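Let me give you the structure first, and then I'll get to my questions.
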Amino acid sequence: SKFEYVRSYEVNDACLPNCWIVVRLDGKSFHRFSDVHSFRKPNDERALRLMGRCAMRVMAELSDVVIAYGQSDEFSFVFHRRTAWFGRRASKLMTHTVSLFASSFVFHWLEFFGETVLRFPPTFDARVVLFPTDRCLRDYLSWRQADCHINNLYNTTFWALVQKGGLSPSQAQERLKGTMTGDKNEILFSEFGTNYNKEPEVFRKGTTLIWQKAEKKTVTQLPKTQVSRLDELGSASTYLSKSQKRHRAVVALNVDIIGEDFWQEHQEILAD
Amino acid sequence: SKFEYVRSYEVNDACLPNCWIVVRLDGKSFHRFSDVHSFRKPNDERALRLMGRCAMRVMAELSDVVIAYGQSDEFSFVFHRRTAWFGRRASKLMTHTVSLFASSFVFHWLEFFGETVLRFPPTFDARVVLFPTDRCLRDYLSWRQADCHINNLYNTTFWALVQKGGLSPSQAQERLKGTMTGDKNEILFSEFGTNYNKEPEVFRKGTTLIWQKAEKKTVTQLPKTQVSRLDELGSASTYLSKSQKRHRAVVALNVDIIGEDFWQEHQEILAD
Amino acid sequence: SKFEYVRSYEVNDACLPNCWIVVRLDGKSFHRFSDVHSFRKPNDERALRLMGRCAMRVMAELSDVVIAYGQSDEFSFVFHRRTAWFGRRASKLMTHTVSLFASSFVFHWLEFFGETVLRFPPTFDARVVLFPTDRCLRDYLSWRQADCHINNLYNTTFWALVQKGGLSPSQAQERLKGTMTGDKNEILFSEFGTNYNKEPEVFRKGTTLIWQKAEKKTVTQLPKTQVSRLDELGSASTYLSKSQKRHRAVVALNVDIIGEDFWQEHQEILAD
Amino acid sequence: SKFEYVRSYEVNDACLPNCWIVVRLDGKSFHRFSDVHSFRKPNDERALRLMGRCAMRVMAELSDVVIAYGQSDEFSFVFHRRTAWFGRRASKLMTHTVSLFASSFVFHWLEFFGETVLRFPPTFDARVVLFPTDRCLRDYLSWRQADCHINNLYNTTFWALVQKGGLSPSQAQERLKGTMTGDKNEILFSEFGTNYNKEPEVFRKGTTLIWQKAEKKTVTQLPKTQVSRLDELGSASTYLSKSQKRHRAVVALNVDIIGEDFWQEHQEILAD
């Protein structure tokens, strides 16, 4: 039609070749969302596992994600530096990721929250960030995991002071002003008998999703909600060949990804 | 933390000031999605009304959308040329829009599809397109409505030939090859007694959402699913002042938006 | 060759269609450049006319510039909102503009500075700015001309105090701190008998270049350095048709472009 | 002033951190420029050396260029992956580079072309290309040097056939159609007694500029036009510390940069 010229107003926002592409999404106003839906404080395992379930769907469905990391109301997906998915168009990458995540959140809500009724559909933002080197990609993931640690230690201590210590929120805030990591560990231990390092790893480390060869025993041993079913993995991929994709499954880990060990053990993640 | 430097890898993708900002979303692989969920052919009113319901949520929730237009598996949202929402960041605009739409789609599925079970969460892509002038914005909307007309006339004739005329899909395709608008109207009328212009307007014109002063009688007269409730409209807006937002509601229309009449009647849409 | 894949790392930086494209260039470290080459203070007419000469070359050579405005060490070139020159690629537009301007500066130096030897080749930066409406384009040009006025009034008063009033630069600076337009006019008039409004218009208004039909008498009456020769105007243009380009010449004006009069008189500049 | 809001229409086009930034410039219509100024065919050493002289100025003046490579009417400048010069703004990098190059071209013309009068100021385009890895940066430089080889072998054979072989240009073109590297070497050797590998390296390899410690004897031994004077190197740099910049000079080489040897010998170029 004579109106078709408006197509030329679209821009091609292809990402620079050969960079790691990270899509990070984050829940909009989850402070309010968690209040309205009575999330447990400081951590609601149902919420965290629902987030992980959604991320698994994204990873199984969207080609070429090599690792994903999530904590709180956010998740980061790393597309392989050579992915050609949707011509590396940034808008396609972020909108497919975030819309599948958001629809999955409602789709799976019942499995995790049971009788707690979902009051309104949640929203997430998303952004694309590019990393030219393995080093800065790893620093990015470390940044998010360090953030998880800092927030979680604070929140754990804060809610211990409030829930067990009987302080008001503003008193607890005052008490924690200017404290360092050691101080908070000390408060938890001496006042509440809590060894922070014994807290569940899913709270302290967040959730890391990676691909695992399906032959490995661990896959079938993991609980069902943590492993995407193999038959979900059939979608077309531009970067990974069929044979590479066959026989693999997504596994969820709650481990340190800042140190070298994880990356030594899983060299395939960043491999070419 | 020492990893925080990676923040500097993010880019600010603010849209050029003073341009109309369109976010268009489109269902991913809805050819398959409509098959799996047995959408009626050529048009499934449940699907179209569900799309409209989701768009209403977006419009009520996301500030500064002045008009939205949808057809088939797509919807376009027009943000006011002076919107300052999220600093006009393109990624924020498109991901909030598409993720709220996608989560709403699952959230409201039951209201429209009843016993038809949703088999898997749907995905949508989205993109931002900028238009410097009112003229090219209107041409954009005309482009989408002309597309609706062309596809719908084709599909209506195609499925008449198949469902009522007993042709196989490939025979119907062959029959329609090279036909013009008049030819298809003629086939529909002479062979199936169908006057295309009497087909439901929601199929022929798509769905247009605009804001209406709440005082107007029409608002309360419209069926509930077509009008967003006034109390949903309380979210903060950067462009529209409180007084402007109060007392208005979203209404769904199925009218021609290519000609001058619509724009003459609704001059407030493009007003400064 | 097998290295050719690196071509895919280039990005297409085409400007949004239907926006006015402004390329502004500005001399790098002209504070130092003007010192080294003993520019007259506060204004060196040789320098300003050399700048204008270079801009004329740019305008005659680069297609589709409809107006240019310069003052001090800067010049802005406005490409027509429909120009298709070099596919509207921003990098092509700014680099061709700035490199022709810079090479012309050296090329024409002798004509304006005579025995003052050019000590080193000058550098300019350049940038592209887009304007969706006529209004904001005009506000842009007004911004530059207002800047010219503000700086020139200050500099004129400052150097009067120093050169004629015997103040040291820091005394003059102190004297002018916090003064308004009226104050400076008053100082000039009462202390130095200078009516600022009688100062040369090239200093107060800057230089505006536009196209003029060659038939008009004014063209041939203007001094040669101010009018580009008709036979320089033969270069290919993507936007303007041959017949439009024939018989026109660039003229330099030193007039107010903030008010309505200029634009009323020259409606062809912003015409479609 | 009230017009200042237009500043917000400028965009920040900072390059992605941690990528190599290449600015490549290329003469506009140098086919015509070389004709008008009677460049020698197939190679005009004066032109090539003038290009090298301009590039030296750029390298000495613009901070953080670690290597530059030129051939024919083009030059590529590689800014260090960590440069913070002008906030890595792409427009600043390309326009400063290209405008200094263009003004230098006119400035130094006389030194190389003597009585051949410069008829009009030349123009160059420029673009920014980013490379995330050392490998793709090297492939980029290899691409340009391979291009130099291919064109030069063709041109050398073509002009031998025309100038010495008495063929018309179109006959020579016909003769070379479909020939491979070996064929052209053979024509040159058997018909014109020319051993292509003995042709001047500046023609076959192009010109590579790098920094060298000033102590090294080679610096002072090189002819003056090939080595930028130390006292030109005083300009501020954001990436290199003063002590790193002191005592170094630009040297011009005409060597292979595709193989490993060059990079083994000059590991400092890509060093962090």
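We just call them A, B, C and D in the order they show up, numbering each chain from 1.
Convention: a contact is a pair of C-beta atoms (placed from the backbone, for glycine too) under 8 Å apart; a residue touches a chain by one contact, two chains touch by 3 or more.
These figures come from a predicted structure and were not determined experimentally.
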| item | value |
| --- | --- |
| Set of chains adjacent to subunit A and to subunit C | B, D |
| Most widely separated chain from subunit B, with each centre as the mean of CA atoms | D |
| Subunit A and subunit B, separation of their C-alpha mean positions in angstrom | 31 |
| Centroid spacing, where centroids are CA-atom means, of subunit A and subunit D in whole angstrom | 47 |
| Contacts with 2+ other chains: residues of subunit D | 9, 16-18, 130-131, 136 |
| Of subunit C, residues touching subunit D in the complex | 1, 3-7, 9-10, 25, 28, 57, 61, 90-92, 94-96, 98-107, 118, 120-131, 136, 139-140, 142-143, 146-147, 150 |
| Subunit A-facing residues of subunit C, complex | 8-9, 11-12, 14, 16-18 |
| Residue numbers on subunit B that touch subunit C, as the complex places them | 16-19, 81, 130-133, 136 |
